[in-house]
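Right, one structure below, let's go through it.
Going by the order they are written in, the chains are A, B, C and D; count residues from 1 in each one.
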Amino acid sequence: MQPLNIGLIGTGFMGKAHAIALKAAPTVFNLPAMPVCDLLAEVDDDLAARKARELGFARATGDWKALVTDPQVDVVDICAPNFLHKEMALAAIAADKHVYAEKPLALSSADAQEMVEAAERAGVKTLVGFNYIRNSATQLAREIIASGEIGELIHFRGRHNEDYMSDPARPLDWHTQRVTAGAGALGDVGSHILNMAEYLTGQRISEVFGQLQTVIPRRPLPDGSGGMGEVENDDQAQALLRFDGGLIGNIETSRVATGRKMGLAYTITGTKGSIIFDQERMSELQLYKQEGPEGRRGFSMLLVGPEHPDYAAFSPAPGHGLGYNDQKIIEIRDLVEGIVGNKPLYPDFHEAWRVNRMIDAIELSHAEGTWMKV
Amino acid sequence: MQPLNIGLIGTGFMGKAHAIALKAAPTVFNLPAMPVCDLLAEVDDDLAARKARELGFARATGDWKALVTDPQVDVVDICAPNFLHKEMALAAIAADKHVYAEKPLALSSADAQEMVEAAERAGVKTLVGFNYIRNSATQLAREIIASGEIGELIHFRGRHNEDYMSDPARPLDWHTQRVTAGAGALGDVGSHILNMAEYLTGQRISEVFGQLQTVIPRRPLPDGSGGMGEVENDDQAQALLRFDGGLIGNIETSRVATGRKMGLAYTITGTKGSIIFDQERMSELQLYKQEGPEGRRGFSMLLVGPEHPDYAAFSPAPGHGLGYNDQKIIEIRDLVEGIVGNKPLYPDFHEAWRVNRMIDAIELSHAEGTWMKV
Amino acid sequence: MQPLNIGLIGTGFMGKAHAIALKAAPTVFNLPAMPVCDLLAEVDDDLAARKARELGFARATGDWKALVTDPQVDVVDICAPNFLHKEMALAAIAADKHVYAEKPLALSSADAQEMVEAAERAGVKTLVGFNYIRNSATQLAREIIASGEIGELIHFRGRHNEDYMSDPARPLDWHTQRVTAGAGALGDVGSHILNMAEYLTGQRISEVFGQLQTVIPRRPLPDGSGGMGEVENDDQAQALLRFDGGLIGNIETSRVATGRKMGLAYTITGTKGSIIFDQERMSELQLYKQEGPEGRRGFSMLLVGPEHPDYAAFSPAPGHGLGYNDQKIIEIRDLVEGIVGNKPLYPDFHEAWRVNRMIDAIELSHAEGTWMKV
Amino acid sequence: MQPLNIGLIGTGFMGKAHAIALKAAPTVFNLPAMPVCDLLAEVDDDLAARKARELGFARATGDWKALVTDPQVDVVDICAPNFLHKEMALAAIAADKHVYAEKPLALSSADAQEMVEAAERAGVKTLVGFNYIRNSATQLAREIIASGEIGELIHFRGRHNEDYMSDPARPLDWHTQRVTAGAGALGDVGSHILNMAEYLTGQRISEVFGQLQTVIPRRPLPDGSGGMGEVENDDQAQALLRFDGGLIGNIETSRVATGRKMGLAYTITGTKGSIIFDQERMSELQLYKQEGPEGRRGFSMLLVGPEHPDYAAFSPAPGHGLGYNDQKIIEIRDLVEGIVGNKPLYPDFHEAWRVNRMIDAIELSHAEGTWMKV
C-alpha cells in the first residue's frame, strides 16, 4: 500500500495522541494509504531522538524547519504550541506539504486568514484537529439533526468548561498571555464548542454578543520569584448567538469551572425533539422525540454501537465504549482519505479561520457592548 | 390556637396546590396560628360552592370582590389568572388584608410598582409564590453558597424550560397575548429563575442583555374557526447577566423546549467548588469541592435528608423524597410565621417587582441591542 | 359528606406521615367519605394530648385499648411499634373496627395468620402500609408489565437497602432483637421489596433460597453502661426467587449498606423490554422497548405526569414531582374508597401474611441450605 | 528494542481488538520489548493473507498448527472460537510458546486443568483476556478497596448482562451448544464478573448457590430450513456467593437482558463506604465514604484522570475518557512486561481455571439445589 509520510512537530499531549492514532488507524480502518510515522521534530536533537523512539517514528530532528522541507514528508503534522502554528504552517505550505494542525489554528483571525490564503494558493490539503466532532455520539447527533428527526432547530446551548486554571496558585504560562495564546478560555476550549455549533446545526453563526471575564487577574510569575504578573486574557466567556438559519443559542466556556474536567456539552432543541450530550459521558446521547403516546415520551439514552457512525470499526458489539484517542483515530482516517482521494477535508483551515473570526467577534462585541457580525 | 382565615381566589392548578398545602401545613409544621380554609371565590356561585366542597373551604362566593372585603378573611390568596392579580391585590390591600399571590405578580413593572406602593402604604404583609426556592435542595444550595463552602461565586447558569406550548396546533390562549400575560416564557417560567438567581447568590442582578424569540408566530384561534392569530410574546428567551457583586452568568427560558417538563436547573460555580441542581430531580443536589486528594474529587450527589433545611418536618428518614406540593407547604409555613410574627416575608411584592423590572430590562435590551440596567 | 373516623395509635415517623396524609387526601382526591382525625392514642395522656394538638386530632387518650373500643372510631390506624401490631389489631378486630396497620404486619407468619383469620371472621376491612407500591412511577411500571408492553417477564431483580444501622456505635434497639422485631433488615425493609415483587409482576413467589448475615454481631447496650449485647437478627439478606409463572429473580436487603438512604430499586426484564426504577429518584421510570430501529433504541427516562396513575390529582403539570408523603395520600384514598365502597383492599392482612411467610421461608432456607416453598 | 513476535490465531471481534492494541501499545506505554505483529492464522490461506494486510501482520498462514510451531513466534495469541482454545493452547505450549488466550479459557474445568498443568510443566507464561479488570476505573476500585478506604467488605453485587440473544428469531449458533460453548451466558459473559469479583475484593469465592435458566429453549436451525433445534445451555444465571474472607454477595448474568449492551456492573459495600461501577459508563466510579458531616455525604462521581491507574499514559488531561480498546492496550502492556520481566501474569491459566471451576460449581449447585464448594 502507498505510504503517506507524516512529519510530526511537537510531542506534548497532542503529539502523543497523534502518534497513538497514527499507529492504530490502519488496523481500525481500511485506509487507502498507509500513514507512516516518518519524521519527528522536537526542540533539540536529543529530545527528538528520544521521543521518536518512544512514539515510534523512524527519524528525528531538532530543527522543525528541516522537517517541513524534508522531501520524504508528505504531511506536516503541527502539535507545537499555538503561537508557533502560523510560522510552521506557512513554512510547510511553502514547501508544498499538506498540513494537519492542532487547534486553535492561529492566535488571531488575521493570522488565520494569511494561512488560509497561503494554503489555497498552494493547493495543499489542510485539516485542523477539532477532534470532538468525530466522536460517534456527536456524529450521530449531527445525523439526527440533518435527517430532520427532531424537526427544525430552535435552540442551541453549548459549553466547554474545564477547571485546569482554577487554582489561583498556578503560575502564569503560555495560556494566560496574549502573545502566546491570543484569547484565553475562549480560544483554547471555547474554539471547540464554536466549531461544533456549526458542525452540528449545519447553520452558520452570523452574529454574536459576548461577555468575557478574567476571574483571577494576577497569578504568580513562573520564575518562582514570588512576584505576581497579569493574566492577559479571559478565564471565562459567554455569548448569545444568532445563526443564519434563524436559530438562536448561547455558548459558555471556562478554564476555571471548578469540577469540570472535560465539560464539553450541548443541548439542541428542535420543534419535534431534542438532543443532549455531555463529553464526560462521550459514548451516550440523549434523544427526545415528540411522538407516540405522551405517557411514553422521555429522553432515551442511546449508547453508541455499530449502527452509529464509525463505531463498528472499533467493535462489532454495542455499548463497549470509545475513548478520547479513538476520536483521533477517526480524524486520521479522514486525513488519509481526504488527501489520497483529493476530497475536501473538514474542518480545514478555512473552517478554523471562521472559529478565529467568531472569537474575534465575541471579544469585540464584549468591548463594544453590541451584537457583532462574524 | 389562633386562626388565620384564608380567602382563596381561583381554583385551577395553583388554587388546588394552595388548598392542599393549607390543609397539610399545620400537621407538618408547628405553626404559630392555624390557617383556616375559610372562603373561596370562583367565577360564579355554583362553581365556587362545588370547589369549596372539593377543596375543603367553609364558605364560597361567586364574587371575588366580596371575598377581599369579607371581615372574617385575614389573608387574600390570589390564584386567579395573572392579568387579574393587580386589581385583586389592590382591592385586598385597600381592605387591609395581607396578600399571598401567585407569580408573576403583575404583567409589567409599572403595575407591580403600584402594587408594592399600595402594600407598603397599607402596611400589609405580602408574599409571592415563587415556590421552587423553598425546596430543601435549593435551600441547601443557598446555605452552601452563603457559608462560603464553594468560595467566591464566579458564574451562574440558570434555566427554566418547559414544553407546554411546543405543539404548534395548540391554540392561542392567555399565555400568548400581551394583555393577559405580558411577557411569554420569560414572564411565566422565566420569572422563577430570575428570582432564584438572586435568592441563591445573595447578589442583585444589575444589568442584563436579552434576546427573545417567538418560535411559533401564529397559532389557531381558540374559537375553533380554523383561523389563525398572532402570538404576541416570546416562546423562548435568554439573557447574559451581570450581578452587583461582580458575578456573571446567563439564563434561558422556554415554553417550547421539547422534552423538558419541569426544566428549572442551575449550575453555580465558585472559586472553591460548584453546585448543580435540576428540579426534575428535586431531591438531590450535586456538590463539588476543590479539596482533598485530586484522585478523590468528584461531584457528590447529596440526597436531601433531615440534616437539610425543612426536610425533617416531612420525614425523619433521609432520601425519602419531597414533592412539588411539599414546597407549597413550606411556603404556607413561611406565610403564617411571617404574618403572626410580624416578620419580613420573602419574596414579597417588592422582590416580585424586581422580577418584573428584570423582565422589562431583558425585553428592552432585546429591542435596543445593548446592556440594560435593571 | 359522610365522615370516616380514624383512631390513630402511635405518633412516630409513620404516625405523623399518616396524619399529614389524612389531612391532605380529601383535597387531593374526591373521596366518597371524609376521613376525620378523630382520636389519637399515645403512651400516656399528656403525650397523647400534645400530639393530638400537633397532628390535628380532635380527641386524645393515653390508653390504646380505649381507642380500639371507642364507639365513634371507624378505623383503627396502627402506627405503634411492630411488636404491638398483633395485640392491637386483634383488639380492634374484636371491636369490629376496620384496621389500617403499618408494615410489617407481624413478627412471624404464625402471628400474621392469627390476625388474618380474626379479620376474616369479623368481616372487617384491613390494609397494610406498603406505601411504595402507590408511587405513580411504580404503578406505571405495573401497568406497563400488565399490558404486555415488555413481553413475558423473564427476570426480576429487587433490593431495598438502607444504612441506618451501619454505624457500629449505634446501640441495640427494637430493630435488633427477635422479640421486638422478628427478622432484621429482611423484616423491616426487605418486606417492602418482597411485597412489591408480587405486586409488580402479578406472579406469586413460590420458592426461595435465602442467605442472611449479621454483619455487626454485637452492639453497645442502650443503657449507656458501656456493655455490649448481641444483635439477634440479620443486618443483610439476599435470596434467589422462583415465581409461579416461571419467572426467576433475586432480592437483596440491608440496613448496613453504607450510602443507601432509600435504596428500594428494581430491574424487571421481559422478552420485549425492560424497566428500571430507583426510589431515590421516585418520580422517574426507565423503560426500554425492543422495537424500532436498533440505532434509536435506549432506555427512556419517563418523568411521571398526568398521564400516569394518580399523578393528575396532585398536579396537572408533568414532571413536577411527587414525594414520600404523597404515596401515603394515595394509600388513604384507597383505604377510604375500599371501606366506603366495600371493595377489596390491597395489600390487606392476607397479602401481608404472605410477606411474613416469604420471610420465614427465606430464614428457613438459610438454615437448611435448600430451596424452600413459601 | 528487543522484538516480541506475536502469532495471532483468529481475526473476529477479539482478533481485531488484539491487533489494534498491539499496534498502539508501544506508543502509549514505554514497553521493555516491542510486540511485533508477525504471523496471522486464519481458516485458509486467502483469508489469512487478506486479514494480515488489514490488521498489519507481516506474515500469514491458513494453518494454525504451522503458526504454533513457527520458530519466529514468541507468543501465541488465541482469538479463535472457544471450543478450539484447548487444542491450540496445548499445541502452543508443546512448542514452548507463551500463550495469550481469550476468555473463557476452556469449555470445562477439566479441560482448563489440563491446560494449566501443561503450561506449568512447560514453564511458559500465560495470560487470559479478562480485559475489563484493566479499565482505569476498575483498577481504581481495587485500589480503594485494598487500601481499606471503604472499610471491611460486607457485600458484593455483580452482574454482566447483555441482550445479544434476546431476539428469539436468532438461530442456534456456537453460543447455544454445549460442544462449542460449554455454559451459556454464564460461561460467556458471566465468566467476566466471576473473575472480577475475586480481582476486586481480594477474596476467593469459596461457595456458590446457583440457578440457571434457558429462557428461549428452541431456536431456528442455522441452516435456514425453518426447523427448530434445542438450546443446550443457560440464557441467564444467578448465584449467591460466599467468599473466604467472610464476604457474601451475588452475581447475575444474561444474554437475553433486553436493553443491556455492555451490562457489567458492580456495587461493593464496605463498613465505611461503598463503590458503584457500570461498564456502560466505563470512565467513572461512584464512591461513598461514611465520613464528614452527614449533610455533606453522598456518592461522588469520580471521573478517571491521570491520578488513577494507567490513565496518564493515554492522556495527561482528566476526564477525557478511555474506550474498550484501551483496556486491551493495557493488557498488552502487562503481557509484554510479564514475559520480558519474567513476572507473574494475572489472570493466567490458573486463574482462568478457577473461573471454570466456579462455573462448574454454579451449574452443579443448580442441579443439586445446595451450596457447592468451588
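FYI, a contact is a pair of C-beta atoms (placed from the backbone, for glycine too) under 8 Å apart; a residue touches a chain by one contact, two chains touch by 3 or more.
The chain lineup, named per UniProt: A, B, C, D = Putative dehydrogenase.
As the structure is a prediction and not an experimental result, all values here were calculated from the model.
Asker: Given that chain B (Putative dehydrogenase) and chain C (Putative dehydrogenase) are copies and touch, would you call their interface same or different according to whether over half of its residue numbers are shared?
Answerer: Because over half of the interface numbers appear in both copies, chain C (Putative dehydrogenase) and chain B (Putative dehydrogenase) meet with the same residues.
Asker: Please report how many Å separate the Cα centroid of chain B (Putative dehydrogenase) from that of chain D (Putative dehydrogenase), as a whole number.
Answerer: Distance between chain centres: 54 Å.
Asker: Distance-wise, how many Å sit between the C-alpha centres of chain A (Putative dehydrogenase) and chain D (Putative dehydrogenase), to the nearest whole number?
Answerer: 35
Asker: With chain centres taken as the means of their Cα atoms, state the distance from chain C (Putative dehydrogenase) to chain D (Putative dehydrogenase) in Å.
Answerer: 41
Asker: Among the residues of chain C (Putative dehydrogenase), which ones contact at least 2 other chains?
Answerer: 297-299, 303, 305, in rising order.
Asker: What topology does the chain contact graph adopt: line, ring, star, complete, or other?
Answerer: Per interface graph, the chains form a complete graph.
Asker: Sort out for me which residues of chain B (Putative dehydrogenase) touch chain D (Putative dehydrogenase) in the complex.
Answerer: Touch list, chain B (Putative dehydrogenase) to chain D (Putative dehydrogenase): 140, 287, 293-303, 305, 307-308.
Asker: Would you tell me which residues of chain B (Putative dehydrogenase) are touching chain C (Putative dehydrogenase) in their complex?
Answerer: 1, 13, 16-17, 19-20, 23-24, 26-28, 30, 53-56, 164, 261-262, 279-284, 303, 305, 314-326
Asker: Quick check on the complex: what are the chain C (Putative dehydrogenase) residues that touch chain D (Putative dehydrogenase)?
Answerer: Checking each residue of chain C (Putative dehydrogenase) against chain D (Putative dehydrogenase) gives 150-151, 154-155, 157, 163, 166-168, 209, 211, 213, 215, 236, 238, 240, 242, 248-250, 252, 254, 256-260, 269-274, 288, 290, 297-299, 369-371.
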